[in-house]
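Order of writing sets the chain letters: A, B, C, D, E and F. Residues in each chain are counted from 1.
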Amino acid sequence: MRNDGRGRDELRPVHFELNYVKHPEGSVLISVGETKVICNASVEDRVPPFMRGSGKGWITAEYSMLPRATEQRNIRESTKGKVTGRTMEIQRLISRSLRAVMDLEKLGERTIWIDCDVIQADGGTRTASITGAFVAMVLAVAKLHQDNKISAFPITNFLAATSVGIDPEYAEILDLNYIEDSRTNVDMNIIMTDLGKFVELQGTGEESTFSREQLNTLLELGEKGINELIHLQKKALGEYIELIERREE
Amino acid sequence: MRNDGRGRDELRPVHFELNYVKHPEGSVLISVGETKVICNASVEDRVPPFMRGSGKGWITAEYSMLPRATEQRNIRESTKGKVTGRTMEIQRLISRSLRAVMDLEKLGERTIWIDCDVIQADGGTRTASITGAFVAMVLAVAKLHQDNKISAFPITNFLAATSVGIDPEYAEILDLNYIEDSRTNVDMNIIMTDLGKFVELQGTGEESTFSREQLNTLLELGEKGINELIHLQKKALGEYIELIERREE
Amino acid sequence: MRNDGRGRDELRPVHFELNYVKHPEGSVLISVGETKVICNASVEDRVPPFMRGSGKGWITAEYSMLPRATEQRNIRESTKGKVTGRTMEIQRLISRSLRAVMDLEKLGERTIWIDCDVIQADGGTRTASITGAFVAMVLAVAKLHQDNKISAFPITNFLAATSVGIDPEYAEILDLNYIEDSRTNVDMNIIMTDLGKFVELQGTGEESTFSREQLNTLLELGEKGINELIHLQKKALGEYIELIERREE
Amino acid sequence: MRNDGRGRDELRPVHFELNYVKHPEGSVLISVGETKVICNASVEDRVPPFMRGSGKGWITAEYSMLPRATEQRNIRESTKGKVTGRTMEIQRLISRSLRAVMDLEKLGERTIWIDCDVIQADGGTRTASITGAFVAMVLAVAKLHQDNKISAFPITNFLAATSVGIDPEYAEILDLNYIEDSRTNVDMNIIMTDLGKFVELQGTGEESTFSREQLNTLLELGEKGINELIHLQKKALGEYIELIERREE
Amino acid sequence: MRNDGRGRDELRPVHFELNYVKHPEGSVLISVGETKVICNASVEDRVPPFMRGSGKGWITAEYSMLPRATEQRNIRESTKGKVTGRTMEIQRLISRSLRAVMDLEKLGERTIWIDCDVIQADGGTRTASITGAFVAMVLAVAKLHQDNKISAFPITNFLAATSVGIDPEYAEILDLNYIEDSRTNVDMNIIMTDLGKFVELQGTGEESTFSREQLNTLLELGEKGINELIHLQKKALGEYIELIERREE
Amino acid sequence: MRNDGRGRDELRPVHFELNYVKHPEGSVLISVGETKVICNASVEDRVPPFMRGSGKGWITAEYSMLPRATEQRNIRESTKGKVTGRTMEIQRLISRSLRAVMDLEKLGERTIWIDCDVIQADGGTRTASITGAFVAMVLAVAKLHQDNKISAFPITNFLAATSVGIDPEYAEILDLNYIEDSRTNVDMNIIMTDLGKFVELQGTGEESTFSREQLNTLLELGEKGINELIHLQKKALGEYIELIERREE
């Protein structure tokens, strides 16, 4: 049994609190175990310069941590005067992933701004951000739909993300918490749709390597976790699911 | 009656949720009406270079807003690469105010880091930050006291902050919400202790002025509000109050 | 008697040298004791983006110190690559104060740039900047008036600023020099018009507090100082006074 | 046949020019088709602060493109005043990959600085950088070994990198050039050792997804390419190979 | 004889490799002894804002060194987040010099971007950059001419640059390498046309001075070197020379 | 006759106001015609890291313009967040020039900070800065000498700077004012000692060139101007001259 009593293929408890903050078009507080992220989706009626006139929309994500989301206080990036490489990498990952399930033409010349602010961190903040941001984005787009600003619902699939890794004691495990993340040498982020297709796969052997067989085990664990996460997203979204399901007609 | 039904001298509903985030030594979510701020207090066992060897402690505050704490999304300061003048002014105000009720010698060579992160804004974010940060600071210092890292409790007084202003329709009013803040030309932040002494007084006539009589009315409203806020702080802090009350012996 | 021989309610000697630098529309060298500030006012025939199309003008202030205006050499902000919080706070204070006596509609879509450059500092640089900048602004606006670019003179009142504080030895005193400023725990900046109305009031107990009675004494000292400063501004401005006095018709 | 006449599983011509620049301890110009990268490895006899006293070494990589390495001129990052997210992501990838085949304890408290400067770009610059940087790093470490500064040779495996992707016309293909990279929606970077173990796997469906079967085909193409690249590295390194092979004793 | 066997008035071996990189309109690798610089000239069909509507073109230069172009590794300017004073001075020098032999009206509203990237440094990188950039600029402008985008060839003269200095042992010498540059107290950069006219003359006595007689000797050495460099430029440019020679008709 | 009535070889009126600001060890307001620069010299009892332990001193210069020193208001470099290339070039020139007449060993491990702040600009601000900064430096070093902190006076020569140029109408002229500076294509800064030796010579043909004969005429004009400037420096410095003259013993 793992340090928090879970089996190798078990997710931590996951909760979505919808409409957590009042101003954004979509707002969700996601908890994955002790990791808590406020995911806000905002709609802006224009796109970045390189997209203007294309008739297509865009999704941009920003990610940040409160200084005391972690055990040790971190220096704010605004105080440093620059965004770190790690933050930029996560921001690019979140926005790229969400774009994979958005029909940008149906969205029209609009930007969806995704803000993921980690208020408490215990491992897996980037995958929790993606899983929560997807729900916030559905809320924001549903609002556009209700207001008749878009005719066809542009989100094509459910999308969730989780991490897997190779623990020195328990071998392949699902959904790493902070302690586990610190002791595994191989960890992988898997982002998948409800049709079981990969959107992103990032496996890293930090000062280590992994074999094809290990990769296969990791992918199976990941797929199991994603299915459970999407099940929970659907439960949280309730009536909104129907909007997305319509894509299959 | 004001736009939210309050009388001229009424505060909005105020709540303190203690230990909101798990890592910081002191953590409080303060709500003042629809304004919500996470106030975290962290203890670091050293002081900035200019204080080293003085035997005295220090308090530093940082303030930030989530991009979508407001009606319109704001650009993150980390993205801009610099902290705005408004933010710096608020940070300096928070730390200066808290230092007025801290015996820095009794604190010893330690820094208390105060992080105020506004997750939802509806006017009065800087005064809510101070009122909440005081409570978070008590929790953090109480932990130092329980761990026997300090012998005498160094916080000398309760401290709270509120805003007052001159409304074109209702004249002098207490605790301005965002709509009121936008229409008043004169607004004033008052920061006071439980002994009725001023720590800070900042009155501004934006494109306007105010007379000595108006000032007196504003100060009376402010004093009433501060007394109520300190009453609520005491209720929230429960057993911890005793630590501060000891100063009077 | 204070360290420079003044009584508690005495200003230091104040001089205005008009047209100190030749290029600006308005230029004044103000001396308040040993504090010397070059105050330049420039007119630009457009406003910042957020004011365009409003038909109203704007006032923006910048404040800086020569590195060796002070006893110890300071690092230039251009070398640091950023403007400090203190500087931003002062800049916001200067521009806000001047806007309180400017009818921005009568000014029309123009920006008045105020540059306050401290060449020698001995306490009270921000209040000297405001008092001097007001005079420079009158000169610049008078030039607009002479050139028939504006029909009605838009400055509505005289404006001056001074500091007051509570000295450990002499109690409440007026117009603090550097040594006094360093030893007082409470200091307050008062900005007022010739009608005795407050434009700004900023009282700070750095690691200290002050009572309502002390506040009242400070306000009386401040009002006395402001009246004397405005008298000196009028003497320096000579014929230009008439332009402002017309507001009362 | 692909746009440059290659079959689906063919690499572009690859060359290594050793000792390309005279000052660095290891220097290689790698060409992969029209993509050309100068890879320099420098040895510094100290480690970053967070590693001091650990007895272990470190590898840091920097990546840059000449402004006119590409069809359209790019703005230099030094002119922009900051490093882009893409550059940071590549730098982190290069250094993490090289660390996976370096025994940092055997290296001792030294930093290997890897500089990859792209002088001509035609797709695959990050994988060419890793493949070339490995060779430069071998040269630099061999120099340490010849100078008897390290007793055991610390590089444990050969390492190379390539890209694979899914082309709308040719399906899964190996080693994408710029035109191919622009038209594929799925692309993947694979970094592997000579033992067929993964060091890093980054697959991305930009506005697209990929199935488990497609993943398997991509991994096979990638493995074939890596084997060929390592064969060419060995040919280029000649006598130095023996140093690395010794790891198997 | 000097440390590399040259006489006092001898240049190091100079080579030009044309079309070194494929994308730029003009590309040259210049070697002056062990100093190697990639000089790329790019054509952009617009000018900076301050030149718009003038009917004239512009030349902008950027200069950079690979971190390991030198004996000790240098920190990249993109990592520092700013361009050093030395780099800016060199960039301004290169662009100013090239503009002296360009008829900006004949060039039309276009910008020639000059990028000089030093891949190996052994003294004289700024003069080698100018000598090489001139050749790259001829290639880029010849391409404009061949494409009939300009009717008259706008380059009016050949241009080359070299350094001279006063060595403690050998007195006045031509074309300083790095070791010589480090030991001379007086060094001078001379930039001249094929008509023997000065474009720029920068003589500096770093912690030293020089007399009028020494200046004259330095100028004669410089003129001899420039003549030889222009001879080599002509040889490298072959058929393109004729375009420039036409100016004399 | 030139636009201000001078002959070709005439300087503008030059004045030195010593001890202009009270805090710096040396302070001078220099006027060269309408150009006015505050030159302050500060002494710091340590040197930059690269000089520590060398037993030698250092001179660092900073140069800045008030935003309204010029006809059009300039943006402050602190607001831009960076120092321009022009400013850096001037700062490097000032400090390099002053070091040429300073015996850094006799100065000991101290830094002389030179601050040149232009309060009114009418051409020749960099040469006025050098001429004025030399006088401020003498005052600061004389103070060190009077305080017996240095045994031998370390300044070895008088030093002054002026500009010369080729005017389209008047040919070679001395000491260009702003209007002249704008219309000449060739201008040259000459920095010389009282022994007639060059410290720096910077001649630039902006979009133009100059012959050897023109150079000779410019050098003669410059030498005449420098001699007059040094004569005025001596008059201003009075008793201090003797300290410098002692070098000839």
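What we mean here is this: a residue touches a chain if its C-beta (ideal position, glycine included) is under 8 Å from a C-beta of that chain, and two chains touch if they have at least 3 such contacts.
Chains and their UniProt names: A, B, C, D, E, F = Ribonuclease PH.
From a predicted model like this one, the values you see are computed outputs, not experimental measurements.
Counting hops only between chains that touch, chain D reaches chain E in a minimum of 1. Note on connectivity: the fewest steps through touching chains from chain B to chain F is 2.
Distance from chain C peaks, on a Cα-centroid basis, for D. The two copies, chain D and chain F, are related by a rotation of 120°, based on C-alpha atoms and rounded to the nearest 5. Centre-to-centre separation of chain A and chain D, using mean CA positions: 29 Å. Look at where the CA atoms of chain A average out and do the same for chain F: the two points lie 61 Å apart.
Centroids of chain C and chain E (each the mean of its C-alpha atoms) stand 52 Å apart. In chain F, the residues touching two or more other chains are 81-83. Because contacts link each chain to exactly two others and close back on themselves, their graph is best described as a ring.
With chain B taken as the origin and chain C fixing the direction of travel, the chains line up round the ring as B, C, F, E, D, A. Listing the residues of chain C that touch chain F in their complex gives 21-24, 27, 34, 38, 40, 42, 44, 62, 64, 66-71, 73, 76-83, 87, 113, 115, 117, 119-120.
Within the complex formed with chain D, the residues of chain A that make contact are 82-86, 88-89, 91-92, 96, 99-100, 104, 188, 193, 195-212, 215, 219.
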